[in-house]
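Each of the two complexes below includes chain A, the first together with chain B, the second together with chain C.
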Partner chain A sequence: MNVSDLTLLELRQRLTTVGLCFGCGPFRIRLRTPVAPIAELLHDLYAHYPVYSELGIDDYRVKLDWASWSRRWIRPIVRFTADGPAPFTDVPVLRALPTLEWGTNWCIATRAHHFLMLHAAVVERNGCGLILPALPGHGKSTLCAALTHSNWRLFSDEFGLVRPEDAMLIPLPRLISLKNQSIDVIRAFAPSAHLSPSFYGTHKGTVAHVRPPLNSIVRMNEPVKPSLIIFPRWQSGALLNLESIPKDRAFMLLATNAFNYEVLGELAFNAVAKIVQNCDSYSLVYSDLTQAVQAIDELAHNAHD
Partner chain B sequence: MNWLTMHMIKSPAHNARTLLINAVRFPETLPQLTLTDWDLLLRIARSKRLLGRLHADLSRLELLESIPTAAAAQLQAAHNLVHHRHTVLTWELDRIIWALKEIKVPIIALKGTAYVIAKLPNSAGRFFADLDILVPISRIAEVEQKLTERGWLKTQLSPYDDRYYRLWMHEIPPLRHRERESEIDIHHALLPRTSRYGTKLDTMMLFSESYLIKNSQVRVLGAQDMVLHALVHLLLEGDPNEGLRLRDLIDIADLLCHFGSTPKFWKGLLLRAQQLQLERILYYGLRYSQRLLAVQIPNSVLQSLTQSAPKLPIRWLMDWLMPLALLPEHPDYPKQMAMFARWLLYLRAHWLRMPFLLLMRHLTYKSWLRMRRTQRHVEIKPQDLQQL
Partner chain C sequence: MHIWHLNSNQSLRWKHWGDQSALYQVASGETHFLNPLGVSILMQIEANSSNLDQLCERIATEFDCSIDDDLRNQITASLMRFDELGLVQRQRNDDLVA
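Let's turn to the complex of A and B:
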């Protein structure tokens, strides 16, 4: 059963009582919230996630609550918690969804140390696992959204989960978060993309979320071997430039990009070494999304041969 | 069974504490837990920072394969984090030895660091955030000077807080290396200078009983002193929110089990508690290790400690407060009473920390600051971000 199989009323009832237990990649998340307006958004954006039984071992218990009784009615604000003290400041109810998404990401980033977490988007096509590590603002999510709507399977736009034992990539198909101009870029590039309304005035500017396509969620338990690493960078007006990166440099770039490389120590070293050995690495500077997707398609095609 | 007993057995808090205590005492029974039990156990163990401990026990018993995969994954994540902390803090200690090499000062590692380098059983899976060392009080200025020359930075404190540390406490304000994030606490005694308990002892007494770790230049406290220090840490250094730390009591239980098999240990412990005037602390420590974690303590020891027991009403009060503050609650049903118990014990710890007039002066100053709405400095350490 998926979230879309619940009626809005049933979803609301779960959210306000035992919580909605749903699966996202390897994780089981229990979400509880009495904040009514968000249920409708979740019904739409979380539609494809499988609903799990309420009995089970939760990886993350997240909660979005009214910050206080009075602030429920007057300029309402909400508070994110995850079985502990609130990690962030309270936000107006209009920005509840981005906060829920960041909060859940925060939970994963601070706790999922059984995986090596690359700060990277990951997609797959025909068994070719592509890692797109980048700094914030380098257009990683935008490129990921574009690829996801060009026959690539979404693994994640933010967390490249790597299983340290065998260096396989693990899908974590969370909502893709687009910022500012990228929202219109993706609307134009992929009219079929299912976007949330825009949320204005967050600490990252305007934000909108893309719902992961059904296929990427149905196949979220199928890991893939990494075959290609591309370090993307969007630069206004730049000509497409694709350059091969030697393995030693690729290793350093990938290792320093991970969220928890130090925490995993030797495990992380071995995993990154294995990935870099198996992958061709490139840097990609681009301004035109269509060109970039085409160049990546060609690379993947050649890598596969 | 009467109604009251039935009610207590069925209460969520009872369920929660039974789960955790049984998990710590009988890890071999963990594979029998249901998914729902695991879910609750993991939540409680996380809040008490005991996930690493569960992993260590199950790994030693080779039972990690026999528990649900989702539970094993969370324990593995905790294990990786704990392992990382051990590496980081062992390295920090190595750097401290390097920095202090020239001045040839004896260094005793305390608490978590000591358990790790002495390879004591309670170090397995134990999470610790800071590094604690003890140096002779006569050398402390020299040590601080040398460390600041070699890259450690002093914590930015208000002049009042700085004075509070230096004049009244048993440690100087923490130092932090400018590149590495680990915080180091440098002690010159086990108890605050102003404390009601304990002799105003010369730390050299602790040094004479300490011993050097093989292939290292660091010492650890003698067995008895180590136990007494763990007790002081549990009973006299409270935190109003977290309450008394169950993991500190578990440390004590582990140390008692480990050293307790040595014939002369118990006699030495009594003697040492007497020398350091910590008999009352030892009385409480042994009482609650026995009551809450069923540690085996020789009868003769308990007998000779009865004279250090507090008066009956105080004993009743402590018997009621200690389990409330130490044992876990059900996270979905927090109890007001437990919060009250924690607050009372925190007050008690402060009461014992300094003489009445000094405490009043301290509290008046602090509340005056609060009334002036001076923003307290809130610091987020990387290890907080990586909490289990």
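Let's turn to the complex of A and C:
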């Protein structure tokens, strides 16, 4: 059963009582919230996630609650928690969804140390696992959303989860978070993309979330071997420039980009070395999304041959 | 003259791609990226504790170059850096004899 198989009323009942237990990649998440306005958004954006029995063992138990009963009716604010004190400041209810998404990401980033976590988008096509590591603002999520709507399978726009034992990439198809101009860019590039409303005034500006395509969630238990690493950087007006990166440099860029390289130590060293060994690495500067997707398609085609 | 040897507390893991190399230092959790000269120095010391003259001789043979001040200075600078990182240790010849 998926979230879309629940009626909105059933979803609300779960959210306010035992919680909605759903699967996202290797994780089982239990979400509780009495904040009624968010249920409709979740019903739409989480539609494809499988619903699990409330009797299992959760990886993450997250909660979005009213910050105070007195502030429930006048300028209502909400608070994100995960088995402990609130990690963030309270936010207006209108920003509840971005806060829930960031909060869940925070849980994963701070606890999922059985994986090597690259700060990277990851997609797959025809068995070619593509890692897109980038600094914030370099257009990683935008490119990931574009590829996801160009016949690539979404693994993640934020977490390149790597199983350290064999360096396989593990899907974690969470909502893709788009910011500011990227929202209209993706609306124009992929009119079929399923976007949330825009959330204004967050600490990252205006944010909207893209629902992962059904196929990416149906196949979220299928890992892939990494074949290609591309370090993307969007630059206004830039001509497309693709340059090969030597393996030692790729290693350094990938290792320093990981959330928990130091935590995993030698396991991480071996995993990154294996990835770099098996992948060709490139830097990509672009301004035109269509050109970038086309260049990546060609590289992937050649990498797979 | 000093004898250089690997720090006995260190366990090292190597990865090589052509003439590019990465080294993981288990005790510190640090990853180092080395040029071919650095790799050669460390591997020579890993194989046999050596003094500077012996190192210069072996490395000159490996890289097919002559032993001059430039080579000696480069090797000395690398050894000092490896010492700072805790990868190698030096011991006076006299201490060894004693």
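Just a few scattered comments:
As a convention for this text, the second predicted complex is superposed on the first by the 305 of 305 C-alpha atoms of A that agree within 3 Å, B and C clash if a C-alpha of one lies under 4 Å from a C-alpha of the other, contacts with A are read in each partner's own complex, and residues count from 1 in each chain.
Please note the rule applied: contacts are C-beta pairs under 8 Å (C-beta built on N, C-alpha and C of every residue); 3 or more make two chains touch, one makes a residue touch a chain.
Note that the structure is predicted; figures quoted are calculated from it, not measured.
With both structures placed on the common chain, the touch criterion links A:E40 to neither chain B nor chain C. By the touch criterion defined above, A:G265 lies against chain B and chain C together after alignment on the C-alpha atoms of chain A.
When the shared chain is aligned, chain B comes close enough to touch A:R61, but chain C does not. By the touch criterion defined above, A:E243 reaches neither chain B nor chain C.
Once chain A of one complex is fitted onto chain A of the other, the partner contacts of A:D83 are limited to chain B, with no touch recorded for chain C.
Of the two partner chains placed around the shared chain by superposition, chain B is the only one that A:H114 touches, whereas chain C remains out of contact. When the shared chain is aligned, chain C comes close enough to touch A:M252, but chain B does not. Of the two partner chains placed around the shared chain by superposition, chain B is the only one that A:P26 touches, whereas chain C remains out of contact. Between chain B and chain C, it is B that contacts the larger number of residues in chain A.
Touching of chain A by both chain B and chain C, each in its own complex, is seen for residues 262, 265. Residues 26, 28, 55-59, 61, 83-84, 110-114, 260, 262-265, 267 of chain A are the ones touching chain B in the complex. Contact residues of chain B toward chain A in the complex are 35-36, 38-39, 42-43, 46-47, 68, 70-71, 73-74, 76-78, 80-81, 83-84, 87, 331, 385-388. Residues 246-248, 251-252, 255, 262, 265-266, 269-270, 273, 276-277 of chain A are the ones that touch chain C when the two sit in their complex. Residue ranges on chain C touching chain A, taken from their complex, read 13, 15, 17-18, 20-22, 24, 26, 29, 31, 33.
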